[in-house]
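Dropping a structure here in structure tokens format, bear with me for questions.
Just so it is clear, A, B and C label the chains in written order, and each chain counts residues from 1 on its own.
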Amino acid sequence: MSRATQRGLLGAVLLLGSWEALARGLALPAYTLPAISDIILATWQHRSLLASAGWYTLAEALLGYAIGCTAGITLATLLILLPPARRVVMPAMLAINAVPVAAWSPLVLLWLGIGMASKVAMVALAVGFTIFLSALAGFDRQDRRAADLLRSFGAGPIALLFRLRLPAALPLIAAGMRVATVRSLIVAIVTEMLGAQGGLGWIIYQAVVQIDFVQVWSAILVASVLSLSFFGLITWLEQRIIFWR
Amino acid sequence: MMQLRALLRGVVGLLLAALLWEGAVLALHIRPEYLPRLSTILAAMAATPGAYWDGFLRTLAETLLGFAAGGFVGVLNGVIFLRLPALRDMLFPIFIVSQTIPVIAFGALVVLWFGNTLLAKAVIAFYLTFFPVTVNTLLGLNAVDPRQVALLRSFGAGPGTILRRLQLPAALPQIFVALRLAASLSLVGAIVGEWFGDTIGLGVLLLQAMYNENVVSLWAAILCAAVLGTGFYAVVAYAERRIVFWGAEQ
Amino acid sequence: MQRRSLLAGFGAALASPALHAQTLTRASLRLKWLPQAQFAGFYLAKAKAKGYYAAEGIDLTINPGGPNLLTENLVATGADTFGLSGGTDSVFAARDKGLPIICVGVAHQVTPFFFVTRADGPIKTLADFRGKNLTAWFTGANYVLLGMLAQAGLRAGDFNLQPQQVSVTPFIEGQTDVVTATKYNEFYTLVSRMGRDKLRTFVAEDYGITFPRDTLIVGEAIAKEKPELVKGFLRASMKGWREALAEPKLGVDTVMGIAPTLNREHQEFMLTEIGKLMLAGKAAREGLFWIDQDAIKSAHDFLLRYEVIKQPINLATAYDRSFLDAIALADRRA
């Protein structure tokens, strides 16, 4: 075990330890800050409920993520291939992006209802923009000399794209995709808390209303684990695919 | 002259977009429940300008406070972690995990602890911004050419001097990348924070409009948020261009 | 971690009547939802032109509620002094969980919501709910619905009950068969978009179920240490409500001043309906915020029967009518 990992574990242990000590020592009521041991116990007790809610939210996040990534990369590619389109579309894109993601939630909920569709749409929006901007930045970072060289060999814009720009942009796209994993779950949960039929955000909302704060923290714990797992999965996939990093 | 032309282009672009909006709604018979006419929205704002203006200012204040705190603490963290790698190893994983917790989930607790104040919203905004700034500061500081550090040290420069004169300036481009991101994130934090029983703010207007099914008011609040977001981002980007004049990394 | 109430330092000063005018006690009221005419009386009592709370020696801040806040929690931790909370159901839940709050007044004397279907649709009686799509808020209204349906012989599984959405549009567009509506809020939207004659309503009281809501709560400690504060708050609130109900235009104007983006007609409708709810039952005789022990017991037994509450709750301590009794009848009546 490396030094860094050891210290990381030490940090975690210290944090959890002081949390438990604070909660028990000050005899804090559950509605202020429950003890971490209570939270873990409750999570285990309600594991089936939390698991199904977790799958529900994860499904929304994954679907939105997939749609967002595809749309973001496709749009960035189109704008690179058609520079005039870029000048027209970019201002609109920046305008939509200027509105904080959270501000779109009420509108999307009114449009698409409280089923999964609204959550998928919100995640796709948030992820799509992150990926779109990363991809655009990646494509812009081209090596002029390499591009000129390929062009001197008669390569057209499409060939240039696939052989030079796309591979060069991959690191930035990959970075964007990693950041977007965590965002996707958070956006799904935030939207669920405004109106949903299931999912972790829904559990949190119900728990607050039923004055069950241990349940709130249990749901947060599950959400955290899912986020980290998703993040880990994408990072692992990227290391396999982008082998020259 | 260049800036004036760019400004004019921007204004013309906005006007065209406005006309397109109005035209599309009329021509395509879009129902007002989905997308009202821009003129209707602007009229609604003009009918009760106080609410939108006060909301704009309040949200701006929360955003600025959270941004400033998050930016300052983020840079501080980066510097501390550079000097004390042991601390970085201990705290970084915790920070990462903290960022996976949807802050809205313990927003109720934030209100309990900090009350219904500007501070509570600023705390949420701070929470969203400090981590990206920390990460990028560390990235920037670590990217400094070690040979330059060694050179300065050979001239007898202490760690404080090296930090001030070499490392921080060299890290600035990367720090600003994070600050531009933080500009949008602190606004999100402020808006979400206002959903916990606040009285004034753009987030409050959004929530009221949603629960009253007032789509016109909802779009009005969205427009105000867009103006705030774009304006703040532009200010930070401008500061970046002036301060980091040797070229910003994307 | 606990936020101590701001009243801590003012205890001694309250004792001297001569100091009432100079030292106002800081207190806050947390509402159960976003600002609207449902709370007109409180806003009016606080308004600068009226200053009823100030006259009672209270410097009151009114904090709105919202979808993510629980009033009982905020009052229990001292973040707010008073609260206008969900209803008898949320007070029971809070006491069940050991939160140190008590109810000192009930605003809505009867169930403020009902279940709405299309008048020309296939649903004529409760039995017709079988197999249909129902929506209700899962914060209390769902139990009332389940209780009513149980009387018609329907149990879980005989129908499709979903949490209700923010908007009543799905019902209007025919996606759901039964929608839950408060008499003063969602019902306005339904009436204005569909017409009153197109709607059929199912009222809980018709089936022997009553669910009083909008309960005024305060922390146990405050109630014990500062009874004058509680009485003063109640008296001033009653005064504000008396005036808001007598002069609806003033009431609505005050609310529109707080939240200018509200729809005026909607708020006027709301205030009229709220007045009916607040003066229903015993409140007509005994005054505003009256605690009808029979109604409370009925709601309690109902929730106990459906195992929403796990064990019986001491109603005498949870619902303290001593503060109301201490106020003169003339000051309580609307």
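FYI, contacts are C-beta pairs under 8 Å (C-beta built on N, C-alpha and C of every residue); 3 or more make two chains touch, one makes a residue touch a chain.
Since the structure is predicted, the reported quantities are computational estimates derived from the model, not experimental observations.
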By Cα centroid distance, the chain farthest from chain A is C
Chain pair bearing the highest count of C-beta contacts: A-B
What is the distance, in whole Å, between the centres of chain A and chain B, each centre taken as the mean of its C-alpha atoms? 18
Chain A to chain C: how many Å between their CA centres? 39
Computed distance of Cα centres, chain C from chain B, in Å: 38
Scan chain C for residues touching two or more other chains and write them down. 1, 67-70, 73, 77, 166-167, 169
Where in chain B do residues touch two or more of the other chains? 33, 104, 108, 112, 207, 209-210, 213
Touching two or more other chains in chain A are residues 32-33, 109-110, 193-194, 208
In the complex, chain B residues that touch chain C: 33, 44, 48, 50-51, 104, 107-108, 111-113, 115-116, 195-199, 204-205, 207-214, 217, 220
In the complex, go through chain B and note every residue touching chain A. 10, 13, 17, 33-34, 86, 89-94, 96-97, 99-102, 104-106, 108-109, 112, 184, 187-188, 191-192, 202-203, 206-207, 209-210, 213, 215, 218-219, 221-222, 225-227, 229-230, 233, 250
Chain A contacts chain C in the complex at 22, 26, 28-33, 109-110, 113-114, 193-197, 202, 205-206, 208-212
Chain B touches which residues of chain C in the complex? 1, 3, 28, 30, 33-36, 63-70, 73-74, 77, 79, 166-169, 189, 258-263, 266
Using the touch rule from the top, collect the residues of chain A that touch chain B in their complex. 3-8, 10-12, 14-15, 32-33, 91-92, 94-95, 97-104, 106-107, 109-111, 137, 140-141, 182, 185-186, 189-190, 193-194, 201, 204, 208, 213, 216, 219-220, 223-224, 227-228, 231
